[in-house]
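So that you can tell them apart, the chains are marked A, B and C in the order they are listed, and the count of residues begins at 1 in each.
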Amino acid sequence: MAERILDVQNLKIDFHTYAGEVKAIRDVSFHLDRGETLAIVGESGSGKSVTTKSLMGLLANNAKVKGGRVMFHGDDILQYSEKKMQTIRGKDIAMIFQDPMTSLDPTMKIGRQIAEPLMKHKHVDKKKALEQAVEMLRLVGIVNPEERVNDYPHQFSGGQRQRIVIAIALICYPEILIADEPTTALDVTIQAQILDLMKELQQKIETSIIFITHDLGVVAGMADRVAVMYAGEILEYGTVDEIFYNPQHPYTWGLLNSMPTLDSKHLESIPGTPPDLLDPPKGDPFAPRNPYAMKIDTEKKAPFFKVSETHYASTWLLAPGAPKVTPPAEIQRRQKIYAKLKSGELSRTDVANLAE
Amino acid sequence: MAEEKLNLTPQDFEPVSKNEKGDDEKIAAPSLTFLQDAWLRLKKNKGAVVSLFIIIIMLVVAFGSSFFITNAQLVKSAPQYANLPAKIPGIDINGLNGKLKMGGAWVDAYAQNNVPANKYFILGTDYLGRSLAQRIIYGTKISLIVAIVATFFDLAIGVSYGIVSGWKGGRVDNVMQRIIEVISSVPNLVIVVLMLLVFKPGMTSIILALAISSWTTMARMIRAETLSLKTQEYVLAARTLGESPSKIAWKHLVPNLSSIIIIQTMYTIPSAIFFEAFLSFIGIGISAPQTSLGVLLNDGQKNFQFLPYQMWYPAIVLCVLMICFNLLGDGLRDAFDPKTRR
Amino acid sequence: MRKYLLKRVFYMILTLFLVATITFFLMKLMPGTPFTNQQKMSAAQIAVVNKQYGLDKPIWQQYLSYMLNAAHGDFGTSFQFSNQSVSYLISSRIGASAQLGIQAIIFGVVLGIIVGSFAAINRNTWIDTLCTVLSIIGKSVPNFVLAVLLQYYIALKLNWLPVAGWNGFNYTILPTIALGVGPLAETARFVRTGMVDVLNSDYIELARAKGMSRFGIVYHHALRNSLTPLVTLIGPYTVALMTGSMVIENIFSIPGIGEQFVKSITTNDYPTIMGVTMLFSAGLVLVILLTDIVYGFIDPRIRLAGNEG
């Protein structure tokens, strides 16, 4: 089994607002192995960004960690002081933000911005740091890096800026890279380039990635494992194949069902809206929108039922004695592919081709 | 997993119908309109609430006094009561009990001047023996009238100019902006002074001068906001639906501009109060026999060495008024734009 | 960039031309001449003086010669101090006003930046509250009230500094403070808001994600970004200083332009009023142009896009 470098256990985070305590993260657990990519998928407001910000110690002032642990190299980094967190941030855990247009300092040359973490963490002098920044720029695919280190952010396009942000994140060769919707703000053609770059760099730099997105389409090519988040809770997690071709939770069904495919005639959607986290439902948070909801769903949250060694889902449909339901046609189609994958009839590459 | 402990019965697996699931659209927090939300936030700001309260009291006292204090009454001098310090019944603190510091010792000025024992001036008198309290209340009223009327003009000119300029865009906007540029590169002090020289100094000319010189800021802000509102989808929608420009302005622009207008107004009033006081203080604004806070400060300053209270009291009223308007303005700004303060 | 500058200079001259014209005709609209009210003079005497000052010619001729002279920096002779040209009056007094203004702005801006950033870094603590309260008070207390109070308590009562006059640095301290408190308060408020905004921005979050220390973030990222817009306040400050100088110079008996201006207003000394008006307008127009240019140099985003502005 691969080395487990990050282990999040029972994380609970509240936000204090005028209206009351918003329970943004309610008992979230997941882990990250060395070299793998974990995708956290969920709608906006499901708490995925908050979760990762807590890993970095970058929570907003009105957020409070109410419980849980974040184990990194055997230490609970939630207990670290701000000073101590500063030695981890940017060095061991780095982050890429959503909007490259606003995440670079407009008044500082980009070379300096890339070099800063080196100067801070590795105590490299400015000249050497800038040389490494040039190398990093070359690595992320900026043409003419020797000259461009002296440019300001506004002289770059959105895609180039995201490359620069990636360069900043990777300059110290971090063990964990958190990418918070790194492609959402970009054009579709640029998105693919950035994703390819991230995959390529992950090999070169040997980092683990936590990839946050609301876009399942992006996940398929990127991630090794997927966790599906909804209303501050994780509902299902497993390998990419398991989530994509053998999903168990009705929410995951809904998500996959609403993904457009080549032959979908109209777009499916999940009716309703996520619950208000000021007063979260006591049972399965998805129950009010779940066409398969059962009485117990509204009363009690299901535990994680094991589907395979790597695949767990929190739905009462997996409980012993639960009725068998027929998932939507699209899911049935996917489950057939899964069966073929299992039996070896289809290979991984065939599936990848199918997806495209 | 601890499946044995679950103890599930077949009933647990009954499907639930839509209405049993409860209303998933239910929102736990009460829904608030923009104004309610802003009001709630404003109420949390103690400084702004206290300021609002003080301003209301000052307005009520200043304008309510119209029934009791007239200018004719104020002009009448009473030399026998000249330069008396404050004397408040039941208070025995030096400076507020009719005693005045003269050459290092506290002297009862009332006794010295043979003022009847039952005569009280709670803020003392000026050099002509007129009640300072009455004069301050009346002066505050004049200052407030000047400021409020000037601000009203400023608002009317600035808002309509800004909306037209921003909405029309293109060449009209260009020309209108050049005009503003020219006007605002003349120091407004110069405009005010020239206006006051041409017209007879007095309330009307100060109001006019202030209105003419200060609307450009408002116009600029309104124009900038109108420009950005113009491209908003709902305004675009209204235009595609063929609503008339004036209807769009009233139904869509003005409500969305209201926060800027209110905030800017709250900042214009104190600056108008300041300008009036300033002009009267240097002697080119309101002048005797009329009274305003600036006139009182000017009078008080002459005797400040010997009778400091004559300047202190109007100064305090002026400063409190300015502070309150500024605090209220800040409070409103934060209430309308929650991002600025977290 | 050159085209832009030329355009701006053209507008500058146009503005000044308009100001001069309007000023001139407003002055002509005014009831009587400065000599009308002088009871000692007979009608014949008044006619003589009017002729001497060229007040008997038709208005358009007066206007023409006025504008021609003004273009050369000649605003005629003061009515109040006969035989003194307005240009001489102004140039002999501009030094004191300029020194006072520059001192006040340095005092206000430097202290304001310190107070404002201090408040922003410690926002929502008692330090922030204290700075905010102080800057509200500084903004609200009129400078002439402050001047009178300073003069009385610091100079007269405590005898720490000279009461009035203009005889060396000691004499400048109180007027500088009185004049500079407004810009100080304004700067502090501006810097605080700007810095709070900047500190909430994405690039500051990225800087935090890099593991930068609080000081490093403020020093390397926040300060420059929140101070750049401060340049735009220089224009309004100039206006405030001009206004302020009128009272402050009066209260402290400083031989400056502001004091002269008040005197000429109260004595209907038109040539001087017009001269000072033109000086103030020219000063402001120039300052606005300079700030725009300076702003372009400081902010890299504008530096290259300068032509579009």
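The rule we apply is simple: a residue touches a chain if its C-beta (ideal position, glycine included) is under 8 Å from a C-beta of that chain, and two chains touch if they have at least 3 such contacts.
Please read all numbers here as calculations on a predicted model, not as lab measurements.
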Notebook entry, point to check: What is the shape of the graph in which nodes denote protein chains and edges denote touching chain pairs (line, ring, star, complete, other)?
Noted result: complete
Next item on the list: Please indicate which chain is farthest from chain A, where distance is taken between mean Cα coordinates of the chains.
Entry: C
Notebook entry, point to check: Just by CA atoms, which chain is the most central one?
Noted result: B
Checklist line | Separation of chain A from chain B, taking each centre as the mean of its C-alpha atoms, in whole Å | finding: 50
Checklist line | Length of the line joining the C-alpha centres of chain A and chain C, rounded to whole Å | finding: 55
Next item on the list: For chain B and chain C, let me know how many angstrom lie between their CA-based centres, rounded off.
Entry: 24
Next item on the list: Could you check chain B for residues that touch two or more other chains and list them?
Entry: 342
Notebook entry, point to check: Can you list the residues of chain C that touch 2 or more other chains?
Noted result: 124
Note to self: Where in chain A do residues touch two or more of the other chains?
What the structure shows: 61
Notebook entry, point to check: Any idea which chain C residues touch chain B in the complex?
Noted result: 11-12, 14-15, 18-19, 22-23, 26-27, 29-30, 123-124, 136-137, 139-142, 144-145, 148-149, 152, 156, 193, 196-197, 200, 238-239, 242-243, 246-247, 250, 261-262, 265-266, 268, 273, 277, 280-281, 284-285, 288
Notebook entry, point to check: Quick one: in the complex, what on chain B touches chain C?
Noted result: 178, 181-182, 185-190, 193-194, 197-198, 270, 274, 277-278, 281-284, 297, 301, 304-305, 308, 311, 315, 318-319, 322-323, 326-327, 330, 339-342
Note to self: List the residues on chain A that touch chain C in their complex, please.
What the structure shows: 56, 58, 61, 82, 85-91, 94-95, 97, 99, 102-108, 116-117, 120-121, 152, 154-155, 165, 168-169
Margin query: Please output the residues of chain B touching chain A within their complex, sorted ascending.
Written below: 1-3, 6, 8, 10-16, 20-30, 40-41, 44, 342
Item checked: chain A contact footprint on chain C (complex, rising order) -> 124, 201-203, 205-214, 216, 220-221, 224-225, 228, 299-301, 304
